[in-house]
Amino acid sequence: MKSEKQKDILGRIREALKIPAPIAHVAHRQTASSLPQPRAWLPPVPPDQAGQLAMFERNCEQLRTEFCPARGIDEAGRVAKGLREKYGWSLAASHHQVELDAVVRALGIETLYMEDHPAQTELEKCSVGITACDALVAQTGSILLTARSAGGRALSVLPPHHLVVAQINQLVADLPAAFELLAARYDGNYPSFATFITGPSRTGDIERILVFGAHGPRMLTVILVQ
Amino acid sequence: MLSSFAARFKARATRLTADLEHRVKIRSALKSYEKARDERKALFQDWEAAREGAAAIKWEAVNHLDAYLVRFVEKLESRGAKVFWAGNAEEARDYIVALAKEKGARSIIKSKSMTSEEIHLNESLRQAGCEVVESDLGEFIVQLREEDPYHIVFPAMHLTRTEISDLFHKKLHSTPTDNPEELTMIARRELRLKYLRADIGISGANFGIAETGMISITENEGNARLTAAIPRVHVALMGIEKVIPKLSDLALFLPMLATAGTGQQITCYNSLIGGPRQPDEADGPAEFHLVLLDNGRTQLLADAEQRDALHCIRCGACLNACPIFRNVGGHTYGTTYQGPIGSVITPHLRGLMDWKHLSYASSLCGACTEACPVKIDLHHHLLHNRRNSVTQNPDRWERFAFRAFARLTAHPGLLDKLVRLSRPFLPLVRAARHIMPPPIKAWLGSRELPPVAPQSFRNYWKSR
Amino acid sequence: MKITLFVPCFVDQLFPSVGISAVRIFEKLGHTVDFKESIICCGQPAFNAGYWDEARGIARRVLKALSGQDPVVVPSGSCGAMIRNFYPELFKNRSEAEAAVQLARRTFEFSSFLVDQLGVTDLGSRFPAKVTFHDGCHGLRELHVKHQPRQLLEHVKDLTLIEMEDQTSCCGFGGTFAVKFPMISTAMGETKSRSALDTGAEYLVSNDSSCLMHLQGLLSRQKQKLKTIHLAEVLASS
């Protein structure tokens, strides 16, 4: 049911669009639908998984994302424990997911679970937020996650450290592939929130000098289980 | 006849262009951006083709705006979002203020939204008794200084760390420090409590996806994510022109926005929001309101010649490329949108006669058009604005001068003789420059006159 | 072939040696040069100021005088762009539309004509000096002239070309902009001249005299030794 204001604005739009706009200065004459995939224009990505993994790792280094490979879930647990010691984590927050649960159990610290709806002030006290993800994007070094796959919206952004536990089969080549994955997985019933995380939080607002941990997590760690 | 806005522009421009410290500061900020941007562009397999593709998608979206907006809103509303169509700034403000009152909101946290600046939202909310805090670091800083953002992407580009330290010391009672990291942490600590206490979070939106009914927010700090995650109510403000057809279009727009805007491959957080928290989600706002804003955009849409100005993705690349911007600075424009895009659209949003001077304050070098990732014909639109302002209301003296000039050019021999005759008077003109007519006085303020050759080309040709 | 030289008003009156150099260069290459005495201005000042009716009046004379088949060469990027890119827009949907398009097609900026149309890069010139080159914005962005002047300068004997930093930034002239917003124009010109001075060059070369007029004005006021010279004058030297 359209409101009056909606009708007004749509009316003005339709009136305005009666005159076609020139596209003279845009050299091509193709319509958007006949264009090739942007993949052909974006930075190239190796076609094989090993190449993509290497690219993802290089991106992580450049972005200051801590990358920790692990052969199997047990090693992932050991890696997580090592991180706990390194960073002195005392309280964690997480959500329930098969592979994740195993790693969090191995971590062995007090953990709040999003399924129990902790207060935000409680979540704020956590040293680390631990989540699963939907995909890792080789081209950009990004982590794709949603409110459904990663325990809501705040878990991966409120605590000062975000730890992601991912599987090797979650690695995709590029952004187009990541969007294809989102559509394939959720089409018809998207979560209310999804995000591409590319490195720890940062800002250049003070004299263009890069500072980490502006508001989001200052540290981002990925444990990749192969 | 200069409008008061034009007079103010000239006064500020006079001050800023003479400020050599400002010139150096902005130049060095832009140099580091240019280096990063060039590196990122070079990694594209075909940057120019990407521009064409982005331009084509935007053309499709804007030229079928009604259809895409309807689809966008339907999808959003089907997942529990409330959509308000605001014809103008007042309607948008009124809706948000009414919502704040309805919720009994005392504290509001905002993430970066140029659209909210455009409608002067913060003042209205404050008048309604709400505390409004900007969470983006640059916006937070200029908010404390009680000034407008200097640049649509880098609001505090004009400030040194010392100025920021002094500001924090004065307004937040923090210890002075020269360390940007420490300054950032001061802001982070200050804002932490604001997030947790806020009743409403207000954000902008970089894109609206028609296919899936989502908004997309691009940022680096994480403050927009927090704004859309912590408070019970999330309000997003979005210009109607921001709608794009498909979710997969973002695979092109997100890297292009980042490359052109900040010289990054992609920004730290690119989030998609499609409604309030769903029943199977652990947290999130109970309510999501999207305020769609017209406020003159349909006016610009109706100008088919300049309609592509609505393709703008607000990356700021044209500001960074513009030699006028870097010399006069963002505050000189006196508008929400600065630089070339601001000069093009402000006459449509706020009135041609009041704002035509921005279109004249350009050498038409074309660097903006070259920089634009969606190929808006920016510098030619400045010409179109100039032509339109003359059609609407020409300056009588100027028109007389151009008509006289046109007539003179029909008699090249006469023009030639007049110029020859002026030769001996040139030293006099130079000496008496302070009493010369404005154009001559303006030239002589900083430059010597060009020489008038003893023999013109046509005289040489005649004597061959 | 017969080449019509369009000499813009400021070249005709202030920098005639630019036109004379062009004539000499084409004649040395064995071409005949024609010059239409009935025209002096392309109409750009009026066009840029938004007075398109007045610009059309001026442009009509040019259309008439330059009708025919011969290529038209303009030793100025801004006037070249006016005819090539903006005459078609100026006369769109009018009776002169076809004539404007025809003229636009055979109008060329000087260096682009030599390199792209005549295929000539070596004119047997000699200019022993260190020079730097300023790309006039209209030539650069409207006419895509960038490598042509450099290819020509490469073959000038004893000339050393040192590229300046920010070589593609605008000099700040911009026509009436220079006197409507002199403070901005001057700031831009100061930045550009600083880039040129930093190269240590003796000459600042460009393919647009309007840029050079503005930069020379600033350099002379600052009593700098750096001299400005048009590309055609360099290429005509031996």
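Going by the order they are written in, the chains are A, B and C; count residues from 1 in each one.
Basically, contacts are C-beta pairs under 8 Å (C-beta built on N, C-alpha and C of every residue); 3 or more make two chains touch, one makes a residue touch a chain.
These numbers come from a predicted model, not from an experiment.
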{"item": "Dominant chain pairing [most C-beta pairs in contact]", "value": "A-B"}
{"item": "Maximum centroid distance from chain C, chain identifier (CA atoms)", "value": "A"}
{"item": "Centre distance in Å when chain A and chain B are each reduced to the mean of their C-alpha atoms", "value": "28"}
{"item": "Averaged-CA centre spacing for the pair chain C and chain B, given as whole angstrom", "value": "32"}
{"item": "Centroid distance [mean C-alpha coordinates] between chain C and chain A, Å", "value": "52"}
{"item": "Chain B partner contacts - residues on chain A that touch it in the complex", "value": "3, 5-6, 8-10, 12-17, 19-23, 25-28, 30-33, 35-36, 38-44, 95, 114-115, 117, 120-121, 124, 140, 142, 147-148, 151-155, 157-158, 174-176, 178-180, 182-183, 190-209, 211-217"}
{"item": "Complex contacts: residues of chain B adjacent to chain A", "value": "29, 32-33, 43-47, 49-50, 52-53, 55-57, 59-60, 62-66, 69-70, 73, 79, 84-87, 91, 135-138, 141, 154-157, 159-161, 164, 180-181, 183-185, 187-188, 191-192, 196, 212, 214, 220-223, 225-226, 228-230, 240, 245, 247-248, 250-252, 254-255, 262, 265-278, 280-284, 288, 292, 294, 298, 301-302, 304-305, 307-308, 375, 377, 380"}
{"item": "Of chain B, residues touching chain C in the complex", "value": "10, 13-14, 17-18, 23, 27, 323-324, 327-328, 360-367, 369-370, 383, 386-391, 394, 398-399, 402-403, 405-406, 409-410, 412-413, 415-416, 419, 438-440, 442-443, 445-453, 455-462"}
{"item": "Residues of chain C defined as touching chain B within the complex", "value": "7, 9-17, 19-20, 35, 37-41, 43, 45-52, 54-55, 57-58, 61, 137-138, 140-142, 168-189, 191, 213-214, 216-218, 220-221"}
